[in-house]
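First, the structure itself, so that you have it in front of you.
Each chain carries a letter (A, B, C and D) given by its place in the written order, and its residues are counted from 1.
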Amino acid sequence: MLRIGLFGAGRIGRMHARNLAAHGRMELVGIYDVNPDAGAAAAAETGSVSVDSVESLLGDDTLDAVFISTSTSTHCELIERAAQAGKAVFCEKPIHVDMSRVDQCGAVLAAAGVPFQIGFNRRFDPGHNALYQAARDGQIGKLEQAVISSRDSIPPTLDFIPSSGGFFRDMVIHDFDMARFLFGEEPVEVMAMSSVLVDPRIGECGDVDSGMVVMRMESGALCHINGTRRCAYGYDQRIELFGERGMLVSANPTRTNLERYTEGGTAARDPLHYFFIERYQESYVRQLDVFVDALESGVPPSPGFDDGRRALLIADAVMESARSGRTVRVGD
Amino acid sequence: MLRIGLFGAGRIGRMHARNLAAHGRMELVGIYDVNPDAGAAAAAETGSVSVDSVESLLGDDTLDAVFISTSTSTHCELIERAAQAGKAVFCEKPIHVDMSRVDQCGAVLAAAGVPFQIGFNRRFDPGHNALYQAARDGQIGKLEQAVISSRDSIPPTLDFIPSSGGFFRDMVIHDFDMARFLFGEEPVEVMAMSSVLVDPRIGECGDVDSGMVVMRMESGALCHINGTRRCAYGYDQRIELFGERGMLVSANPTRTNLERYTEGGTAARDPLHYFFIERYQESYVRQLDVFVDALESGVPPSPGFDDGRRALLIADAVMESARSGRTVRVGD
Amino acid sequence: MLRIGLFGAGRIGRMHARNLAAHGRMELVGIYDVNPDAGAAAAAETGSVSVDSVESLLGDDTLDAVFISTSTSTHCELIERAAQAGKAVFCEKPIHVDMSRVDQCGAVLAAAGVPFQIGFNRRFDPGHNALYQAARDGQIGKLEQAVISSRDSIPPTLDFIPSSGGFFRDMVIHDFDMARFLFGEEPVEVMAMSSVLVDPRIGECGDVDSGMVVMRMESGALCHINGTRRCAYGYDQRIELFGERGMLVSANPTRTNLERYTEGGTAARDPLHYFFIERYQESYVRQLDVFVDALESGVPPSPGFDDGRRALLIADAVMESARSGRTVRVGD
Amino acid sequence: MLRIGLFGAGRIGRMHARNLAAHGRMELVGIYDVNPDAGAAAAAETGSVSVDSVESLLGDDTLDAVFISTSTSTHCELIERAAQAGKAVFCEKPIHVDMSRVDQCGAVLAAAGVPFQIGFNRRFDPGHNALYQAARDGQIGKLEQAVISSRDSIPPTLDFIPSSGGFFRDMVIHDFDMARFLFGEEPVEVMAMSSVLVDPRIGECGDVDSGMVVMRMESGALCHINGTRRCAYGYDQRIELFGERGMLVSANPTRTNLERYTEGGTAARDPLHYFFIERYQESYVRQLDVFVDALESGVPPSPGFDDGRRALLIADAVMESARSGRTVRVGD
């Protein structure tokens, strides 16, 4: 059993706590949150303990690894301290919203040589992952185009927006990673348009809530991403991958398989899941298995630090394109 | 160009008139209906002429064939007179509701030796026919079970019920033919239950409006048919054919391919077609091609008189089972 | 925490063991299997203990309830002994294949007054249950017809067949229960046909592998069930419920939401789940919640003993109809 | 009956000939093609006559209108001559590939004051049109995003490419019109990337075969179009329109409603239609009705000359963006 400490007991942190507590090969030893009540609640729910400082977890020599699901601005410091304490690290995305801070952190991590996994859980979603495998198996031949639709059901609270890093770095970053994952290559240039269509107050915070991106991959293949912060019928997340011999689609899972036929319409299903924690439930569990497997086998976890870094490079290029109206090359 | 006369210009007759007029290899020469206004209206719509007697069509030596879409009780007499006049005959289902009258008519027809086609149009529906072909191609191996769902959108007018021959002989007869067609063999025994669930006045007419049938085919395969006279979401007609290596489904065509996603539900389509003339539009045209091909090639049309007769034999057995509560062997 | 003992550590028993071990409100105290190796394996997997006699579980005064997933012939004796020991009982279906033995057992159970739940897990399948709720909410008005398709992927081993009680009592019994559950009323009469289409050796055991049933409910509504022991594309279990205002369909869940489009075909999905334990995974967990809720609240669990008994009454009537070719009234 | 002359009897021209000949309110009087054999073949098929000069049609005072489906380079001259002869004009897209030539032609047309309709038939596709109507009815509220997928099954012959005007002006122009039609507003700026992924010889002709576009509409709404010249599973043409209250999808029609379930996969349908003439069959007929209605009512047809012109303006802006890597404002 790997002994795990958890930093951050907010919405995602609490889900990690439950998954860690239920995992057969990991033991959730302690939880730290800047808000002691949040930490205590998560500990009570999972039979774990809430600790009152970062040190009390990192100083525990029996601890194998830490999970970081605190607010983004604190990620790098916690990664560095955990790495220097010799702990393996699992960190939520994004690593940080500032590229130079990411690189600084990467250097510390490399020096410490501890395993690191980034929380790009969607790679492990059953549908998305089956699509990835089918493409790798050559079922549609050479890849030529992708259309990734990424629609949250409701916007985050407005107070989150200013520190979020913005629509592309905070939300669409999952899709930038997905594009790299599916094509198995890097985007070389990007163009993007963005708008404030959902809530003008998001615009007043200096952010956008809707965006469309086109990327050219190394092979010349083209990838489109569309995103929005609000979707009336639930959490709509689809991928279609088009190749010389066909198309693969990862469609939305439905809440149940009930279909309704009435004089108002036929074959109607329920709205989609409303929250990403429900929508991606299985992927959150599967990524824990990947982390444990990596630690037990000694093979570096994947996706790792460089995956987190490259997704941010793309987000930065996209934001520059949306601002300048020009095609922007993705940095290295 | 085959020269055609049409008997009967009611709802179906008028559709036949339009299809005949638009057909490239047939010419609609004249129309007779007991109601001269109906005949005149159909003639006006199709650039044909309305005649005032059966004789004036049958006495026309240049006429090649007749279409019979009058009320069921008049079918046999018209078939016989047309046959004796040497005309090829296309007749709507059912031939008649009384088996002995059918056999009498069959003898006259056989003696005359003219081609005969029965209006089991559904055999030519694109979906049902593709299912038939796929089964014949062996795509699901040996056939084991079928489930045929047969739901009209609205009941016929009450005044039609008493002369209709009843729910099974009038409506489900299409499905009895379909079962024979799909399996390529005869049912040997049947059992059935029926109910009045839609409109008690149908029961007061001595008929039923809902029924379920199970049939055992010669090979031992089992076939279920469910039917009702009323369906809120349109004309629901599906076939599923199950075999040792899989299943084939002929699903309902949709009016358009528009899907709606709202907070009330997802992937909702429009209700189905409400009328059989829309639902089976293409099959009505295709069966004309079959008729012309048969006449031009000299090969007897299919489905023919015996197909009409055998479907009625099944309907009679089903009605006896529904009445007696016993398994009934299908006559020969 | 309710303290639970488990009898039977075969395929289903072992799944119960895992679900019980993972359940937050139950503790799996001990496991007994006639085969000590099976018991030990299940115990090892769940952190429980394997005991060497029925007594050692029933004699434990701290035990609240037992789960019975032994072979069917032993159910009644274990129910009686557990009831007499004052334990609440959860028992797999069917209670027994012999109706008189069931009634004898029911009397003992009633005298003991302990809670009893029968393992009709499908009532708790998310899709089937959502269909049930939608019907109860009146979404399709008065219920008129149901079509229940029940197809296992592969037949059981031949040595299981003779003691199984037969196709209808062993397998289709789930669907008899489902019909009662969905309509909220009893079937009054049934008719059935059965065949040996899958494997002649099943016929040599005196059993059948394919069957079709029609039932008339108290209200006059009609219900069809079709079943087979083998299905090439997986575990195919669908319900369609038809009412005066529409239709509800509980479609098959798919393994993933991946769709394939190639020159060979479009919108193709993977085959269905092959095993009922995967197919009905969530329902097995949910019925545990129902059991715990019932015990904690003091309300008798549902489905209970009478539900198990009535499903068997239907199976017996169906078998008699399949044998005699007559409509058979369901006993009381 | 409107009397119609047809210029051009190639693949599309011949389809127009058939539709005109079958139309109840139009009479196909004569056909001219530079290739007399093509003209004669179309005339023979439709019971029309092939004429040997443009003049012999335009000089016919009884002629009401002309259909132009010749090669693109000849459109403007024929439009001008027909207009000056006082004939109403229906012309295939695009009007021309050179904007200045289009404007010159537009001036002649305006001076003549004859009705003009451009062949953007997809506006009348049943699914696309139902989507348009549902959006106009406010079913999804304010429009925010669209994703238009536009995939031909096979590339045109290489000798067509150089005179085609290029991928965007020839093929994607339909989708530019669709975007204007659906949103009911103009795009203000566009960005695009294009690639040669299907056939390098298309690149050697100076053209591309794959492209992705993002457009910002006047309201700030965003519209994505993806296109390719080759699609293994048929003619894949879908629209999804996303608004504040939901999404509307115009899915691909299927050739039949047959679904296949085997151990290789489930719910598989046939490949899509391979040719646009099959795929858009109904829309080609419906646009004739629109033309006749306009001529009979005296209301100018829609889509008209300005719609053809504006789609070309967008295509030009898109091509410039693909070349320059910059956002390009759409001309006026």
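Following the convention adopted for this analysis, a residue touches a chain if its C-beta (ideal position, glycine included) is under 8 Å from a C-beta of that chain, and two chains touch if they have at least 3 such contacts.
Everything numeric here is computed off the predicted structure, so don't read it as measured data.
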item	value
A-B compared against A-C, more contacting pairs	A-C
Centroid comparison with chain D (C-alpha atoms), farthest chain	C
Interchain centroid distance [CA atoms averaged], chain A/chain B, Å	58
Centroid distance [mean C-alpha coordinates] between chain C and chain A, Å	40
Touching two or more other chains - residue numbers and ranges from chain A	140, 232-233, 236, 245-247, 252, 260-263, 270
Residue ranges of chain A touching chain D (in the complex, touch as defined)	140, 142, 144-145, 147, 149, 151, 189, 191-193, 195-198, 210-214, 216, 220-222, 224, 226, 228, 230-233, 236, 242, 244-247, 325-327
Contact set on chain D toward chain B in their complex	22, 126-127, 130-131, 134, 139-140, 245-253, 255-263, 270
Chain D - residues contacting chain C, complex	232-234, 236, 252, 254, 260-272
